[in-house]
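If you scroll down you'll find the structure; I have some questions about it.
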Amino acid sequence: MSYVESLRCKSVTKFMTGAFAALAIGIAGTASAQDEFKPSPQKFPTDYGDITFPAQYPDGTAISITQWSHFVPSYDEWFGQYAQKWGDEHNVKVTINHISLGDIPATLSASIAAGQGPTLVEMNAAPSSFIEGLQSLDDLNAAAETEFGDQADTCRYTSYLPAKDQWYGFCHGWVVDPGVYRSDLWSDAGYPDGPQTYDDLLKGGAKILQDTGTPVAVGLSPELDSEFFARALIWSFGGALQDKNGNVTIDSPETLAAVKYIKELFENALTPEVFAWNPASNNQAYIAGTASYIQNSISFFRSAQDIGKPVTQNTSFRPGLKGPGGEVHMPAHIWFTYVMPKYVTDPDEIQSAKNFMLDLENNYSHATYNSKLYNFPAFAKQVPQLYADGGWLDNDPWGSEPADKMAFMKTAEDWTVWPGYPGYANPAVGEVYQTHVISTMMANAANGTKSPEQALKDATDQINKIFKKWRDRGFVGSGDN
Amino acid sequence: MTVLTLRALEKHYGSIKAVDHVDLQLESGEFMAILGPSGSGKSTLMRMVAGLESPTAGDILVDGQSVVNVPPQHRNVAMVFQSFALYPHMTVRDNILFPLVSRKVPKHEHEARLNKATSMLGVEDLLDRRPNRLSGGQQQRVALARALVRDPDLFVFDEPLSALDAQIRSRARAELRELHDQTRITTLYVTHDQVEAMGLADRVAVINEGRLHQVGTPQELYNDPADLFVAGFIGNPPMNLIPINETTVAGIRPEDMLVDPEGDVSNVFIDLAVTIEHIEYLGSEWLAHGQAQSDADTHGQELHVIARLPASSHPDFVSGQKCRMVGQRKDVCLFDRASGKRQARAEVPA
Amino acid sequence: MLRKIGFYCGIGFLTLFSIVPLLWALVTVFKRDSDMYSVGTVPFFYNEPPTLDHLIFLFTESNFGLFVQNSAIVGIFVVLITMVLSIPAAFSLARLTGSWGERSGMAIFLVYLIPPSLLFIPMYQIVVWLGVANTIWSLVIVLPTITVPFCTWLLLGFFRSVPRSLDEAAMLDGCGQFTTFYRVLLPQVWPGIGACAVFAFSLSLGNYIYAATFITRSAARTISAGVPTELIRGDVFFWPELMAATLVVAIPLAVVYGLFFNYLVGGFRNAT
Amino acid sequence: MSTQQHSGVPQPRGRMGRLSAWLDQPKVLAWLMLGPAVLYVIAFVGFPFLLAIALSMSDATIGDPSLDKFVGLANFSAVMQTDAFQLALRNSLIVTAGTLALVLVLATLASELLVHSFRGKRLFQMIFILPWALPVSLTAIVWMWFLDSTFSPVDWVLVQLNLLGPGSVWGPFNHLYFLGREWLGLASVIVTDTWRMLPLATIIVLAGRMSIPEERFEQARIDGAGVFRILFRITLPALKPMLIVAILFTGLLVIGEMSLVQLLTRGGPGHSTQVLPYWAYLKGIQGGSLAQGAAITLFLFPFLLVASVLALRAAYRSQEA
């Protein structure tokens, strides 16, 4: 049985037992201590904050959702069934289409240009350049805030744009992006608790490479993992792409230090493979046992568990690394942000889509559970099972050893930021991300194509141009000044 | 009865006049050859008759009716192409039947017509073959059969023999004439080969640079060329053309040129001192090529003359030898030098 | 002797060049994941027993079967549309439009100078206007933009290679322009049409960007866009399944193309 | 025979007959037959193309694709000044030229072999044409896996041959990291493009090769010409028109293709393997600057136009000669 298949089968059985348990609870009206850590019973209320939804929609109501194939396949399985059930309960025809993450911008832009397409598109946070074609979801976000409490900053900053004072999306979840290290290699090198700082990463990583030939494996290639590693590094060194108000601040001594650090790290602890990487490479290298440290979401770990690779025993996670000032800032790995293009005009379609999104958040414990703790809720309160003492993070229902391997993620909200931090993820930030300006700067400095100073200067020029373009169009800035 | 009439027919390609004011008439049952060097406009003329080109000016009448605006499929003209243009994807039978099918001739007539055409051309055994499995001669017969099968008003041949090997060409020529004698279909036969034209046709039309120079029987063309072009084109070798003064050129056939005549020659019109260049032996005759030292005005050009001698004469010339070549008055045609036109004999200065 | 050795060296080199990446793909198809993600072992051997799981997964758990079906339907319709448009167009250019038609063979190529990486946005607009968004018919309508010019150009050459006297003979035999085309010229260019059809099919199969953006419904996707979407999930690549999909597509097509090889050569031989 | 019905000029009768006769005139029929293809191309290529030109001179973005603001050539000058564009332009030219060079050499070789008959030729043809049977996206995936930075069998073989690995010629690592180094990355793209284009190019060149009469080679051999003299003095000159056609087909299919680079190197490291179509896509679609993306796409148009016209004219001319 291939590992994906096993993933699917397991997830289905687990889901079934979960569902049956929920049903039993519903009937009995009581909850045993064990059931505390099952997904909550599914509920589809009609009132959320100021919005009241009909229990049933008129015949013919239909919504279609385009989202990317989830990195943990069991999530898609669950989501399909959930959406089906939701549709049946509300008399709405729900269609789900999966595409790959990389095709989202193209598909969304083609749809917006043509004025026809899916009701909801799940967007990763950075490319918010579509905003002019998206309708405002202010009421939905207000209702969610009222109903579910505080939204994680990493979600708010990637679905709201102060310059236009508009919620252009609804972020229902996010994904932790931790550091991952081989405990056996790092202990042997004299770091029993793994690297704590970027300095540790450099020194320990170099030692491990020298002793065992196993390099650190953080990407320097134009792809998602590399982009996020570069950002985490810059933030932790005290630099940032922009400030709170959208002024470009990339050209700072802090950023330069980070760029110089990359060069040093590459020369001592990396191999040229990092330039070649696609999003899968660091996972694969890690699973193959040829990497001592990577920065990645836990999806790879779930794959490795299913393949039954011994490397999982020696895998430890940690929040990102501390910079010279002791700061830790990691981006989320992914944001799940639903956007509704302006071409959606049918009131029932709009209403039911909003209803669907709020209901999804309301039942998020299922999403988190079936994504194998990959999806974190935008509203922490919605999945108490996750954070509770003895909950999922303390006692991984998906069989990590030791069972509290994932417990470090309890604090993830504290050290997770977002693209554009400390400002908002505006379209300029999105274009910088999508056109790989930062990872290119890092790569150019690391392989000596340019000096760190020159690499930073060139990147700054490009970033300034991008920001100017979007600032002229009124997308950049805090909106207050 | 006139079948085909061309009236002041012109075809221009840009500034080039491919066919320049041609008038021509074909009588019913007549076999006429259009003879001209390549590029003379003879093919264009023929294609206009077939309807494959439309004239720039002038008119084409078939049986007295103008067909200028009638597309080829509605003219009852059959054509045999130089390449035969058999349809490679059809059997010989289908090739021959194709005109009948296209013209929606009732099906019950097909077999009879097919048999008639094929037996006339002796291709009955080839009916199920594809054209690419036929020899050149067979292809030609099939092409003829295809042209014949539908009783055309007019037959048009476009150098149909030039694709054949030299050996079978003369036999094919004979067969063509025989076929015409059997069918008496009015025929326009385009060729650059004067042997074909003279040997086959009732009348020959000589065309050059788009203009019709002379129409006549082969004998007329040979004996009474209408102008310098015809004189220099017909005959192999053609007439010796000898300038005799500012305005006149004399033409004389090589066989009429007397070489070192013995005794008295009466009525001498041309008398040349010639240096023999070389002698050609052609089996039935000799050709003596020479360089004339004429005192006549030749504008400094050398004058090349040829004399034809019977095989029995055994000339013992060697190169460089000097001799005298004489033409008699009765054998000479005179042409106007400027216009090229034939002068009436009476005008000739003695 | 030396010539012979050189000859077979050449054949051997070309064979290896063509097949080695695919042999590696073939080896991968039957590897267990844990074997595949191992380093330090001989990559060409099965260090753990080979498995059919990936192949089975491809056909039972993914939409691959549907992708193949969709690609086949799209390919067939694209070929049909292409032929319906380009055969008459090529005939017209070769025979009816006179000298400018003869020369426009060049202009046909200019269409290819515009890469589709941005054209797909206006294209999508058209697709929406026609009401075929998110169905395979969107590709059926749009992909001939790639095939029609190529095939028109190729067929133009085929028609040119037929002697004109054949048309003229047909017309004198009583055919009109159209009948001449249909009864006499068309049968001469069948091999060329076959070559063009094969060519158009493979171009339609290969297109990625239109296939990826016009169709988001998984069940309506074609091989080129469906396989990567379904079998690359963010940072997890289903390598054996991907390789299996590749081979399952490539091998039968290669057999067909191989059989058509001489026709294709003949096609280009006439076309220029 | 011809004595009967001399006025035999059957003309079409009836309204339908006259209509079909009218339609059958060359000038009318020409448009009737060309029309559908022309209309199709105008609607689906001409219109988008004009839109692309309009986009390139506007300030359109994905979210606001309206063409309400004309900015002239500002987008062109903006994109041209960036490193990424200059590298992409350079690489597009390198990849296209490199692929063409390799493809032409190999296609000439292959056609020289395929013109002869030999045992197993059918099988060879099928193997040889395999790469062409793949959609580009799958080709890219196969090569991505073949050249993977961790699992590439090529690296493994090189290590076994002691060409790679600690203390060997090609450096201390056990991998070449094909897709992660500027020139190796470009070379990988070139080899992959060559791999997928070779069958088509060979078919074209072989078509030319088969049109060379055998007598010409016999004559050359009688005259004592060796293999190379024959190749350079007889074969190549005769192949010229077909080589030009092969260059056109291959060049246009290579220079416009983005998915290969998109999947193989994503343009990295840095932008050192970036090519124009993918950069246009990144900038225009992913980054949202439709206008600049269009400008990048259209940049090559005039050059390609001139190059294609010259190539085609050369092809036609050398054919007529």
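In order of appearance the chains are A, B, C and D, and numbering begins at 1 in each one.
We adopt the following convention: contacts are C-beta pairs under 8 Å (C-beta built on N, C-alpha and C of every residue); 3 or more make two chains touch, one makes a residue touch a chain.
None of the values given here were measured: they were computed from a predicted structure.
J.: Going only through chains that touch each other, how many steps at minimum separate subunit A from subunit D?
T.: 1
J.: Compared with subunit C, which chain's mean CA position is the farthest off?
T.: Centroid comparison gives B as the farthest chain from subunit C.
J.: Looking only at C-beta pairs that count as contacts, which pair of chains has more of them, C-D or A-C?
T.: C-D
J.: Using mean CA coordinates as chain centres, what's the gap between subunit C and subunit D in Å?
T.: Inter-chain centre distance comes to 14 Å.
J.: What is the distance in Å between the mean C-alpha positions of subunit A and subunit B?
T.: So the centroids are 91 Å from each other.
J.: Report the inter-centroid distance (CA atoms only) between subunit A and subunit C in whole Å.
T.: So the centroids are 38 Å from each other.
J.: Could you give the separation in Å between the centres of subunit B and subunit C, each centre being the mean of its C-alpha atoms?
T.: Measuring from centre to centre gives 56 Å for this pair.
J.: Listing for subunit D: what residues touch at least two other chains?
T.: Correct list: 24-25, 65, 150-151, 263, 281, 285, 290.
J.: By residue number and range, which residues of subunit B touch two or more other chains?
T.: 71, 75, 103, in rising order.
J.: Check each residue of subunit A and list the ones that touch at least two other chains.
T.: Each of 106, 109, 113, 278, 284, 288, 290 in subunit A touches at least two other chains.
J.: Can you list the residues on subunit C that touch subunit D in the complex?
T.: 7, 10-11, 14-15, 17-22, 24-25, 28, 36-37, 39, 42-44, 84-86, 88-89, 91-93, 96-97, 101, 105-106, 109-119, 121-123, 126, 141-142, 144-145, 148-149, 152, 176-178, 181, 202, 205-209, 223-225, 227-228, 232, 237, 239, 242-243, 245-246, 249-251, 253-255, 257-258, 261, 264-269, 271-272
J.: Which residues, counting only subunit B, touch subunit C once they are in their complex?
T.: Residues 50-52, 71-73, 75, 77-79, 81-83, 85-89, 98-99, 102-103, 146, 150 of subunit B touch subunit C in their complex.
J.: Give every residue of subunit A touching subunit C within the complex, in rising order.
T.: 1-5, 8, 66, 68-71, 73, 95, 97-101, 103, 106-107, 109-111, 113-118, 224-225, 278-280, 282-284, 287-290, 296-297, 299-300, 303, 307-309, 334
J.: What part of subunit C is in contact with subunit B in the complex they form?
T.: So the residues of subunit C touching subunit B come out as 163, 165-166, 168-176, 179, 183-184, 187-188.
J.: Per the contact definition, I'd like the list of subunit C residues that touch subunit A in the complex.
T.: That would be residues 33-34, 37-39, 51, 53-54, 57, 61, 120-122, 124-125, 127-128, 133-134, 209, 212-214, 216-218, 225, 228-230, 232-238, 240-241 of subunit C.
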